[in-house]
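Here come two complexes built around chain A, the first alongside chain B, the second alongside chain C.
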Partner chain A sequence: MNNDPIIRINRVRKSFGPVCAVSEVTLDIAPGEFFTLVGPSGCGKTTLLRMLAGFETPDGGSIRIDGTSMIGVPANKRPTNMVFQNYAVFPHMSVADNIAYGLRAARVAKGEIIGRVEEALAMVGLAGYGARSPAALSGGQRQRVALARALVLRPKVLLLDEPMSALDKKLREQMQVELRTLQRTVGVTFVLVTHDQEEALILSDRIAVMFEGRIAQVATPHDLYQRPQSREVADFIGVMNFLSAHATVSTPDGMTVEIEGLGQVTIPRSQAPANLGDDPVVGIRPEMLTILQDGTHAAGRSARGSLVDLQY
Partner chain B sequence: MSIRSSALLSLYVGFFLIFLYAPTLLLPLFAFNDSTIVAFPLSGFTTAWFAGLLDVPALHEATINSLAVALTSAVLATCLGILAARATTRYRFRLMHGMLGLIMLPMVLPEMIIAVAFLVVILHLGFSLSLFSIILGHVLLCTPFSVAILRTAFQGLDHNYEDASTDLGYSRWATFRLIIVPMVLPGVVASLLISFTISLDEFIIAFFLSGTETTLPVYIWGQLRFPQRVPNVLALGTLLLAISLGLMITAEFFRRRGLRKLGLSTQESVL
Partner chain C sequence: MVQAGLFHMILRSCRRAVAPSPGLVLISPPFLYALILLAAPIVGVVMLSFWSQDFLEIQRDFTFANYQTAWTERVYQVLMLRSIKVALLVTVATVLLAFPMAYFLSFHIPKRRKQLWLFLITIPFWTSYLVRIFLWKVILGYNGVINGTLTTLGIIDEPLRFILYNQAAVVMTLSHAWAPFAVLPIYVALEKIDRSLLEASVDLGDGPLRRFFRITLPLAMPGVVAAVLIVFIPTVGDYITPNLVGGPNGLMIANMIEVQFKKANNDPLGAALALSAMALVGTMALLFIWATRKYLRSPS
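Coming up: the complex of A and B.
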């Protein structure tokens, strides 16, 4: 099995005039991985994705896909295909012609095209829709056409820019499940861009969190949620309460901190960074808190309080 | 609004429309009138004036010239329009607005000025006047309309379609041919039809720049000197009016269909 990264991004930079969209990004993505770039609006996710696709040229750094440098390789010669935010399904072609479009560029034989288009339609659950006009499709169906059109070319990497943002909540959840299943089936590396952290956590094998053009953390959904490396990541992923504290004792199995108003709390080693400043900030996920009866508390892991308000 | 002022307004609109269109409506009316004198009362119905058009060789020549000039001007203006519309909607560059202003200028420039300027330049350069000089003038006149129509068509074009086509393996030129052109085609047809109509009707430039060969409007102008030919001219005018109207309606139909295809509103018109 080949474990070399399929995508190697090394110190890639891109500015638009005075705006630095991507700065010094270094990232490896493994073959077959479902990788997600997540971050707030304007953090440079789309720009990074478009540099992978070949629509933008980096100001510096290198991008290698499948071992080949992509410098100077135009978008139409790259082993990547893209699903656009609004799907960009060509309105003047039938669904089948849309899917066959890339195969024709690749000079695939006519007989083979028909078979592969059928196969691709079946793969996205649109068998029998070939003759339809895109205007007669719903948003979700158009997205499937865009997926089929890209995957039919058997790219090494599929790039997806906010593919769910145009769908309503219910359909989005359904398409998320389908997208994940599809990725497992075809085994193609997916690189997804989203600003929805929940979507990132649901779909991905690994996630890169981006802020203002740089990558703040790359981790699995579990690690990202349980062990965010910085306050900004913790704040962006899920809900987190922040409490300022003073470090007191550090022992091999944990660290005891003094939290204002709560007293001393011991944090397990795995949840605490090795070198803590004097005034660390403790973050706690609301679902990790349990309300106990008075007198049943465990020492060092609980604090007294009173219930002020209740919301479902 | 009170009833009185609304009645006044209707009256105003009524008069306005009569002034605007009544003279034009008289044209077909007298074209079918059985008398050489263009005056009321009408004496009877005839299609003789239309039939009479068939046996005037000079008229046939002028018609062929006009069609050739209009066709060439429409194609040239539309080609220029495609280039300008594409450049000014896809790319941002310095002096773009200034350039657009210059392209649009002939729309408001008096035709007389354009005609005289062309005449002076062509004669100074030592060229003789021909249909070709008329075409030059007409291209200048039609290009702004072509650019206006095509810019709307190109503006409705999402960049993502081009990116998607490139991404799927096509070169820029193939993308232009296979994606961009079909998507703006209704706009191209509208531009061709409008340019054709403008050129077909145009008089001043054609009058100043025609050498031995003339176009239809110039021919009509020449015929007005002979009173007995006036009903023939009216019949010819009626035909031209019908053709122009038909072309304009077709052009607007294509333009709207193009916008609808791109999912845009068809409410406001460019012209």
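Coming up: the complex of A and C.
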């Protein structure tokens, strides 16, 4: 596998009338990556994904997929396939006909279609369901049909718009595991859109956090959680307590700050970006706090307090 | 269709009718209405068709003679076949005209203007059916709009005679009269199509034309079937339009039924002709529904 990005998005813009849905997004996605776009509702994730699929035309900027410019290339000629939020399974066709749809569009030979449909059904765990009508399937099974229907075409990139949002919690967790396994097996680049940060952290190789049409940070789940680059990102991903502070001493190892009401705390360099100024905000993940007995505290890494309430 | 729906409702109500169901009470006024105004006359006509006319009196002896005449005599066969042929032509023309209109309305009119457009489509109903037929006479007539225009432009020397008082004129007039009835069910069916299905089709590699035949049309079929039935069934029995614009070769079976009941004073034969036409149309409608049944299953 080479390391040229499979998707290159360069300064892409898109407005709907006065609403700026996507502004100046630049992004590279590597082949075989499980890439997730996450952000609050209305931040432009779907719009960006639809521009990759060819359902929206960017107002400016360029999109290259697998080295080819996608400007002016219609959706049916792109090396991408999409799993829609409501799955968009064709109600008037059997499961097998749904999966064969794209193969027929590409005029693949009849004999080959049968084999590939069987293979795709087995891949998503629906072997033997070919003759069924979609009306007789559950939500999870419909999603598998949508996945099989897209993957049977062996796309370069699979686009998924909130594929889990219509499933209940239990099934959602199960499908998340299956989706991740499937992606590893087929090795196709997945671009997933979700507003569920937990889902993004579980599934992705890398995550882009979007706010109001812009990308705030692109990082691995670990880095995003441990080293968010802005307060917005820290607030959106997981739970974070924010405390205002004064910088006191800055050394090559770390930075000592005076937190109001808590005293002095030393933060390691790796957790503290340079040029923070004199009044930084300190964020603490709740699970990083440990409650200790009075008097057992370590200097510079703890603070006194009293326990007011306790919930499980 | 209405009768079938009613029948279903009654059937369902009867199954739970151990306790007086509110559904049954609710439908009883329309049910009685339908019974008196629909079922009773039909029963009367059925009885009439098995009797015979003896000058001014009706002979109440059971006989198949009327049906034999209706199905074997050349003039009735010709009229029956012509009625069906004209009705088929009208249906095809109407649906072919209505589909693009419904498609345009559903896919190319912004949501907030759709109400206005639907309203505009109903404008032809503001004038009476008869006025609309007479308008076609004015358009197609010997000194009509078409002939006048063509003569003035020097394209023809003498007014065309073949455009009025024939079957083509009947087909044209009726397709125009029925168009809104066909547009509406097709429009409703098109509106119900989930737009993401159309995107999915393109995403999977179809161009616009193949998408139309593989997704849009099959999913619009319930509307098309409804439009076909709405147009076909009453057209077979239409007698006003053939009378006014059909000329001698444009007359249809309903004109003959009218003649039997009035001028010829043979009510039983008229009744037998009417019931034969009804049976034929009913059979054709059922066959059509059966042939298109795979598109009519409502997907959940």
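FYI, the second predicted complex is superposed on the first by the 311 of 312 C-alpha atoms of A that agree within 3 Å, B and C clash if a C-alpha of one lies under 4 Å from a C-alpha of the other, contacts with A are read in each partner's own complex, and residues count from 1 in each chain.
The criterion applied here is as follows: a contact is a pair of C-beta atoms (placed from the backbone, for glycine too) under 8 Å apart; a residue touches a chain by one contact, two chains touch by 3 or more.
Source: prediction; values computed, not measured.
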item	value
Joint occupancy of chain A by chain B and chain C, clash or fit	clash
Partner chain in contact with A:176 - chain B first, chain C second, else both or neither	neither
Which of chain B and chain C A:36 touches, first, second, both or neither	neither
Chain B versus chain C as contact partner of A:134, first or second or both or neither	second
Chain B versus chain C as contact partner of A:90, first or second or both or neither	both
Partner chain(s) touched by A:194 [first = chain B, second = chain C, both, neither]	neither
Contacts of A:47 with chain B and chain C, given as first, second, both or neither	neither
Interface residues of chain A shared between complexes with chain B and chain C	53, 55, 74-76, 80-82, 84-86, 88, 90-92, 101-102, 105-106, 149-150, 153
Chain B residues within the chain A interface of the complex	158, 160-161, 163-171, 174, 179, 182-183, 261-262
Complex contact set, residues of chain A against chain C	53, 55, 74-76, 80-82, 84-86, 88, 90-92, 101-102, 105-106, 133-135, 149-150, 153
Complex contacts: residues of chain A adjacent to chain B	53-55, 74-77, 80-82, 84-86, 88, 90-92, 101-102, 105-106, 149-150, 153
Contact set on chain C toward chain A in their complex	194, 196-197, 199-207, 210, 214-215, 218-219, 294-295, 299-300
